[in-house]
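In the part that follows, the structures are each spelled out as C-alpha cells.
What follows is a pair of complexes built around chain A, which joins chain B in one and chain C in the other.
So, the complex of A and B:
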C-alpha cells in the first residue's frame, strides 16, 4: 500500500541549466564493472562446475543437524523450561483475549445461539468509528467494506482477521512506541536495534513458525505473535526516524527555555513527529494484514484459512474471494488511518469544521449505533449475517475466467517461459552458480566495490562469508540469480509504466488501484493461475515475484518522474526536443534517485518471495525453508536457508544504498524515502 | 445550530428505520427464546464427549478422513469438534500441550515417533492402530504416456526416454518432478544409484504437482514424478505407476544408498496419550474408525472436484454409509 509520505519539494533547477554531470560519472562505473564481468567469464570457462558446493535438495550437513539439535533440545525441555512457562502464560492470556472478542462478535456465546453483538451492531459501530476519527466518506467506505465481508460469505473469517490484526497492532504500539522514542533520541540504541529490525523483517516466517509454536502454542496465540514479530519493525523504525527528523533548531530553541528531557520529548519531539508516527502505524497495520495467510499455517484464525483451503484443492476462485476481501480490508484500514491523521492534523491547527455540527453527529450517530446494537442482540436475522450466493458465483466465475485464460494462452506462455529461461536465466545462473565458490565470491565483492565503494565492499564480504559458512552456497547463488533476473524485469516494467503514469494523469488514476491490489492480495491466490500457465519452475517463482514487486517499483518511479520540476521540462521543450528526448535526457536522469530506490525495493520485494517460490518449483533457498518447516528433522537446514536469505537481503540492500549515496544528485527526498519506506523487507 | 441537530437526528432515524425494516423482512426468531432452549438442552445432556481437537493436515484425503470422523463425533456423540489446520510436525508437537488429540492419517514419521512415543521420547503420543487406508508411493506417469509407450512403466527403459522429459529446468537431463517437502522422498538417491539420466526438480506443493500432471495429460506432455494413492486426483487422471526395483526390508534405511521402490504404507491413527486415557466417548470412535482408499477418494472427490465444503462432503458420505459408521460406534 501507499506509504503516504509527500515528497518534499524537488531541488530547484534553473531553467536551461546544464544537464546533470553525474551521468558521466556513473557511466564511468560501468567500465570497470564490465571488465570484472569479462575476467569472471574467462575464468569461469576454465573452472565451471568445480567447487560449486552444491547440496542435494533433501541432504543436510553437520552444521544443519547441529542447528536442528537446538530445536530438539527446546522441545525436550518444554515442560521444565522457565522461559517457556512464562511464554505459555502469555499465550494463554492472548488466547483468552481472542476468544473473548470472538464470543463478543463472531462465535455463539453459549448459551446464546449467536455472539453478544450481531452483524448489524458491528457494522453500525464500525461506521460510527469511521465517522468519529475521519469523515463521512470514510464512514461509508467502512460500512461498505464490512457489508462486503458478509455478503461475500466470509463474515466470521473477516472479523477473526480483524481481531488478530487489532490485538497485534495494539501490542505493536505498546512495545514499538517506546522503542521508537528510544532509537529516535539515542544514537547508540539506534545502532543496536536496527540490525534486529532488519532481521525480523527479512527472516522468512516459515523459519520461526516452529519455535513460535513451541513457545506460544498453536492457533490464535501463534498468529498474534508471528504477526507481531513481522509488523513491529515499521513502527519502531518510522517513529524513530520521525523523532530524529524534528529540526535541531526547534529542539535547541525550546531547550534554551530550560525544559526537562520529558518535556522536550512529550511537548516537542513526539507532537512534531506525530504525522510520521501515524505513517508508521499505517505501515504496521498493513504488514500485520499481510501475515494473514502465513498465520493460517499454524491454525491462526482469519481470512488466510479459506485462501489456503483454495490452494489445497487447487481452486483459484475459492482462494480469490477471501484474498480480495483482504485487499478490501487493507484499503479500508489504510484510508481510515490516513484520513484520521489528516483530520487530527487539522484539528490540532484549530480546523476540523464546526464543533456543534460535529457534536450533533456524535450524539446522533451514537444513538443510532446503540439502537443497532440492541436490535442485533434481539433478532436472529440481525445477528447472523444472511447467506448470499454472490461469493460462490464470483468464485466460479473467477475459476472459469482463469481456466479460459490458461487454456487459450497456455502455449504462448510456455514459449515465453522457455525463451527467458534458456536465453537469460540459465546463462546467468551458469555463471553465478556453476562458478567455483571462490570465483563468484571475489567477483561479487569486486562489483560491490565498484558500485558502492569501500563500505559496500565490506558488507558484501561479511555477508558472503556468512553465506559460505551456512553451507548453502550453491542454493544461495541460484536464488540470487533469480532475484536479479526478476528485478531486471521489474525495473523494465517500472520504468515503462512509471513514466507513462507520470506523463498521463488518467493512466495514473486508472493503474494505481490495481497496483495497490497487487501489493496486498496474498501471493497464494495468484500462485494457482501462474502455476497453470508456467508449471512448477523457476520462471513461475519469478513471475510471482514480479507481480508482487512491480507495483512498489512502478509507484516509486512514477512519483520520482512526477517530481521533476515542470520548469526544467518547459525549458527543454522550448529548445524543441522530442518526447523521447524529453524522457531519456531529462525525466529519467533527473529521477535517478527514485530509480535507485525502486531498484533497492524491487530487489528486496523479489527476495521476500523466495519462500513462495519454493512452493512452486523454484527449488534453492525457498525450497530449503519450506522443507525445514515441513520436516522438523530438517529444521536446521531451513534455519540456515533463512539466515542465508537475510544475508542476501542485507548485502543487496547495502550495495544499492551505497550506490545511491555515491551519487550526489539525489535530494533529501530519496534519502528520506530510504528511511521511511522500510529499508528492508516488504510484506511476504 | 438547527442543521446540526437535524442531521444527527436524521442519521439516527434512518438507522432505526433501516434496522426495523430489515428485522421485519428477515423475520428471524427472538434470540432470548433460542438461548433458553439451549440452556435446557445443555442441562439435559450429560456431555460425555467434551472437546475433540482434530488436526487437519494439508491434503484433501486427510481432510476427508478428519471431517468424516469429526462429523460423526459431533452429530452422533455430541462432541465439540475443533478442527486445527496444521502440518504434521506441528500437529505432533500439539499432543503434549493438549492442543491436538487426533492425527487421523499418519504416513509414517520415524523421527517424530522417536521424539513423542513412550519408548524413546516423552510419551505424549501413541499409535492407535491402522485406519484402513493403504498408502502407495511411487514414480508415476500420466495415462496417455503409459498407453503410447507401455515399456516406460519399467524403470530400466527410462533412460531411453530421458531426453523427452527434459525441460528448461533440468539442465539437459530428464526432469523428475519431486513433491511437497512434507513427504518422505528418496528420489535424488534413487536417480543417482540407478544411474538414471534425470534431475529431480521439486514441485514444492501438492497443488503444483497436480497442476503439472493435469496439464501433461491435457497437452500430452512428458512428465514423470513422485505421486501417491489414495488421492482424489487419480479419479480425474488415473496416473500410472512405473515399477522400480522391488522394495525389500531395510533397503531404505540409509537415505544415501536407496535404490529401490517405496514400500506400501499402512496409514495409522496417532493420538495424544492423555486424551486416549480420558473417558471421552470419542476415544472409542477413533479407535474403531477404519475405511478404505475408495471410501476416502469418494469424500475427497466431493471436496476437491465437486467443490463441496468438507462438512457437507462428510455428511453426505455418512448418510450414504450409515452401516459403516454404525460399526465404528459399535
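So, the complex of A and C:
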C-alpha cells in the first residue's frame, strides 16, 4: 500500500559544517597491474613449459571418465529416477507439441500425403498476421520471407525453426511475464531472481546443451528447452525493469486516489511499462531464434542443421543459403515485432487509421486466407512447395566465389591472420598457457584483486580452483587468451567508433542501423563468412567473436559518451580545450561506466563465440565440447569443458562488474544498463 | 467543531528499527547526530497541529525539512513511525487497508509536484481515474470529469494526452483529478514549484478562486514564502522535521519565532503582509482623534494612502472599539525599514 522512500544519499554539507573528509585518492590501478605482469613475465621466462597441465585433444582423465560414468548411471536409471521421469514427461509433451505442429504445417499428416495446411495456406496466414499486427509493408516483408524459404529449398527447415522458436517464445511469455511482474513489483523477489538471471545470461549458450540432452534427450524437446532457457531471462528482466521504472510519482499519485493492488498493476504499471515489455518480447524472440539455430547441435530441427552440416565440413557454399535464410527470418521477426509495438502505441493513442478500412482489411484478408488454406488442402501442388534449383545454384556460386576470393586475396587474408596470430595471439597465449598453472593462477588472481577488489578476488580464486579441478587448465587458458585478445580488439573498435558516433550525428545515423542489424543476426551465422575469409583456425573464431561482440560494445560506448551532460562539455569548451582534450579529459572519463560495461558485455559475447568457434578450428574448450557431443565416451570431458567455460564466464563477469562497482563516479545509467544486460539486440 | 485534520505527536524516522528510537534519549538528538549514531534519518519529529474545516493550512520549509514526508504521512502514503492522524475525528493511523483506501477515494485527494499523470490516458480519463478506481460507471465518471475539466479551465483539451500539454496545463489536470472525487480535503505537495513564475502566479490565483468557490480544506506544502503568505490562512514552518512556528502570515512576519524564521521573512515586503495590528500604538496625549477609522486587520499598504491624506492619525478599530492609532510616520517606518534591510 505504501511507497517507501529510502533515506537519501549522503547530502552535501551545508554552509558552516565541516568540509567532507578528503578521500584518499588511491594509486591508479594500472601501476600494480603492470607490476604484476612484469613479475609474471620474469617468472615465466624461467619456468615456461613446465606444469602446464596440457591435455591432448583426444585424451581424458579419470575425472572425465567418472563424469561419463555418472551420465551412464543416470541414463540407466531413467525409468526409476523421479527427476528423470519428470524431465522425460516434459520432453514427451514438448516433442508431441512440436510434432503435432509439424504435421499441421510441414510434414505429411498420415493418412494424408501432405500436411493439413499447405504452403499457400501458410504464406497467406503469415501475411495476414503481419497485416493484422502491423501494416501492409510488414505483410509484404513476411510474404517475401516465407516465399524465399521455399524458393531456396529450405521450406521444411525454415518452418521447423519457426515452430521451435514459436513454442519457446510462447512458453517464455507464459513463464516470463508473471515473473517479470513479480520482480518488478517486489523488491525481495527481485533480489532472489536477479542472481539466477545473471548466471543464466553469463553462461555461454553452447554450454547447457550437454546437460539438457541428458535430461531431455536429443531432438525437438532439447531444442525447445535450451531455447527457452536462453530466451527467458531478457523477457523477465526487461519486463521487471519496465515496471520498476514506472514513475514513482505516478504510482504515488494514483495510490493516493485509493487504488487496490490489482488496479495499480493493471491500470498503471503494466500500461506504462507496455512499451518496454514489448521490447522485451522482441529481444526474447530474437534470442529464441538464435538459440533455436544453435540447437542443431542437439539434433533440434530447423535451419541450423544445414548450417552445421556445412560448417562441419568447412563447406561455405552449403552453409551460406540456410545461413542467409536465418538472417531473413531474423529480420522478419525483428521488423514485425517492432512494427507491431509501434502500431500498438498508435492504436493506444487513438490512431491506427480509419476503423472502417481496417475492418474491411480484417474481413477481406481473413476470407482470402481461409480460401488459400482451403486450396492448399485440396491441391497437392499448393501443399508441397515446388522444388527450385536456385538454392543449389546460389550455393555453388558461393563456393566458386569463395574459391575465387581465396585464390585472389588469400595472400592478404593470410597475411592479416598470420600477423595477428603471431604478433599478438601466440605471444599472450604463451604467457597464459605455457606458464606453470600455479603461476598463471596466482597472476590472474592478483590482477583480479587489483581491478575488482576483494570480492572479485574471491570469485576468481573459486573459479580458477574449479577450472583446475576439472582437468582442462591448459585448454581453459587458451580459450581465455582468445577471449581476452578478441575483447581488446573489440574495445579498440568500440572506443574509436563509439566516440566518433557520439560526436558526429551523421556517423551515428549511418552506422547505427548496421549495428542494429548485426545484433539481430544469430551468432551461428557469423561463422559462415568469417570461415570463408580465413579458413578454420583460432583467428577465425576470434574474428567471429569480434564481429559478434562489436555492435553491442560500440553502441554502449556511443550511448555512454553521448550521455555526458552537454553542460559539462560546454563548460569545458568555454575554457578553451582542444577536441582531443575534450575526448580524453571529459567524454571518456565521464563515460567510464559505459566503457566498463561494454568490456563486460564484450568479454561474455566473445567467450560465447570462441566456444562456438570450436567448430571452425578454434580448438581448446570449444573443441572439447564438440568432441563430447560426437563421442559418447567423451561426454564427461565435454561436460567438464562446459563447466570450465561457465567458470571462465563467471570469473570474467565478476571481475568486470566489481571493477565497475568500485567506481564512485558511475552514473545511474551504467547501473541501470547492468540491470538489463541484454544478451543480444539493442535496447530501443 | 471538530477539526478537519488533527495531527498528534507524529513521528517518521527512516531506517532499520526506527520505531525503537522514539521515547529514548536518542530521539532528542539532532538529525545529524542521530544519523551518525543509528544510521536512521528523522523525517518528521513529534509534530502536532490542527486544521479547521475550510482552512488553507500551509506547511513551509526548505528542502529536507520533512514537509513532503509530513503530507504523505497524512494519508499513509508513507507509514508513520508513531503518533496519530485524525480526519474529521477518524483515526487514520489505525485504519485498515480498505478503510484507508476509502479515505483516499472519498475524503482526501492530493496534487503532486511532478503531476504524476498517466501518460497513456487522455486528460479526461486522467481526471476520472479516482472515480474509476472507486467503480463509477464510465459514462457517469466521464460526465463528472468533464465538469471538473471545465472548472479548471481545460475545456477543449479533454482528448489530449498529458505530453501534449504544457507544465501549467498538466498541473491543472492534476488539480482536476484531485477535485473530481469531490473530496473534503485537498493536499498539495509543492504543486507549483516546477512551473515558471508567471504560470505559478496564475495557478496560485486558481487555487484561491477554487477555494473561494468550493470551500475545501487545504493543506499546502511549499518552500516559497511568498506563496505561503499569499495562500495561507495559517502557516507552519518546519526545520529538520520539527515545528518552528505556527501562525497567521502577519504573525510569522511580525513575530518570527527564532532567527531561522527571521532570516526567512527578512526579505518579505512587510507593508504587504503586516496588518495595522502590528504597527499601531497608543494615542499620544493631545493627539487629534478625528482621523479616519480602519479595521485592525487592514494591511499596512492599504492604509498608507489614508494615512498620508489625513492630518490626524488613523483610528484602528476592532469592531466598535478603538484599539490604537497609526499615523503617516508609523507607516513610513515599516516601508523605510524594509528598504534599508
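Following the convention adopted for this analysis, the second predicted complex is superposed on the first by the 443 of 684 C-alpha atoms of A that agree within 3 Å, B and C clash if a C-alpha of one lies under 4 Å from a C-alpha of the other, contacts with A are read in each partner's own complex, and residues count from 1 in each chain.
Simple rule for what comes next: contacts are C-beta pairs under 8 Å (C-beta built on N, C-alpha and C of every residue); 3 or more make two chains touch, one makes a residue touch a chain.
Quick caveat: nothing in here was measured; it's all calculated off a predicted structure.
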Practice item. Could you say whether A:201 touches chain B, chain C, both of them, or neither, answering first, second, both or neither? Key: neither
Practice item. Compare chain B and chain C by how many residues of chain A each one touches, and report the one with more. Key: B
Check your understanding: Of the partners chain B and chain C, which touch A:272 in the superposed model: first, second, both, neither?
Key -> second
Review point. In the superposed arrangement, which partner chain does A:618 touch: chain B (first), chain C (second), both, or neither?
Key: first
Practice item. Using the touch definition from the top, say if A:538 reaches chain B (first), chain C (second), both or neither. Key: first
Review point. Does chain B (first) or chain C (second) touch A:644, or do both, or does neither?
Key: neither
Exercise for review: Mind working out whether A:383 is in touch with chain B, chain C, both or neither, as first, second, both or neither?
Suggested key: first
Point to revise | Partner chain(s) touched by A:57 [first = chain B, second = chain C, both, neither] | key: first
Exercise for review: Please indicate which partner A:219 is in contact with in the superposed arrangement: first for chain B, second for chain C, both, or neither.
Suggested key: first
Revision key, fill the gap. Chain A contact set shared between chain B and chain C covers none
Check your understanding: In the complex of these two chains, what residues of chain C are touching chain A?
Key -> 14-15, 40-41, 64, 69, 72, 75-79, 97, 100-106, 108-110, 112-120, 122, 129-130, 132-134, 159, 161, 174, 177, 181, 187
Review point. For chain A, which residues count as touching chain C in their complex?
Key: 1-8, 11, 247, 249-260, 263, 267-268, 271-272, 274, 348-350
Check your understanding: Which residues, counting only chain A, touch chain B once they are in their complex?
Key -> 56-59, 72, 75-76, 78-79, 110-114, 120, 124, 209-210, 213-214, 217-219, 296-299, 305, 308, 311-315, 318, 354, 356-365, 367-369, 371-372, 375-384, 386, 396, 410, 417-418, 421-422, 426, 527-528, 531-532, 535-539, 614-619, 622-623, 626-627, 629-633
Exercise for review: Enumerate the contact residues on chain B facing chain A in the complex.
Suggested key: 1, 3-5, 7-12, 14-16, 19-20, 22-23, 25-32, 34-36, 38-39, 42, 58-60, 63, 84-90, 93-94, 96-97, 99-100, 111-112, 115, 122, 167-169, 171, 177-178, 180-182, 185-186, 188, 200-212, 215, 219, 255, 303-304, 307
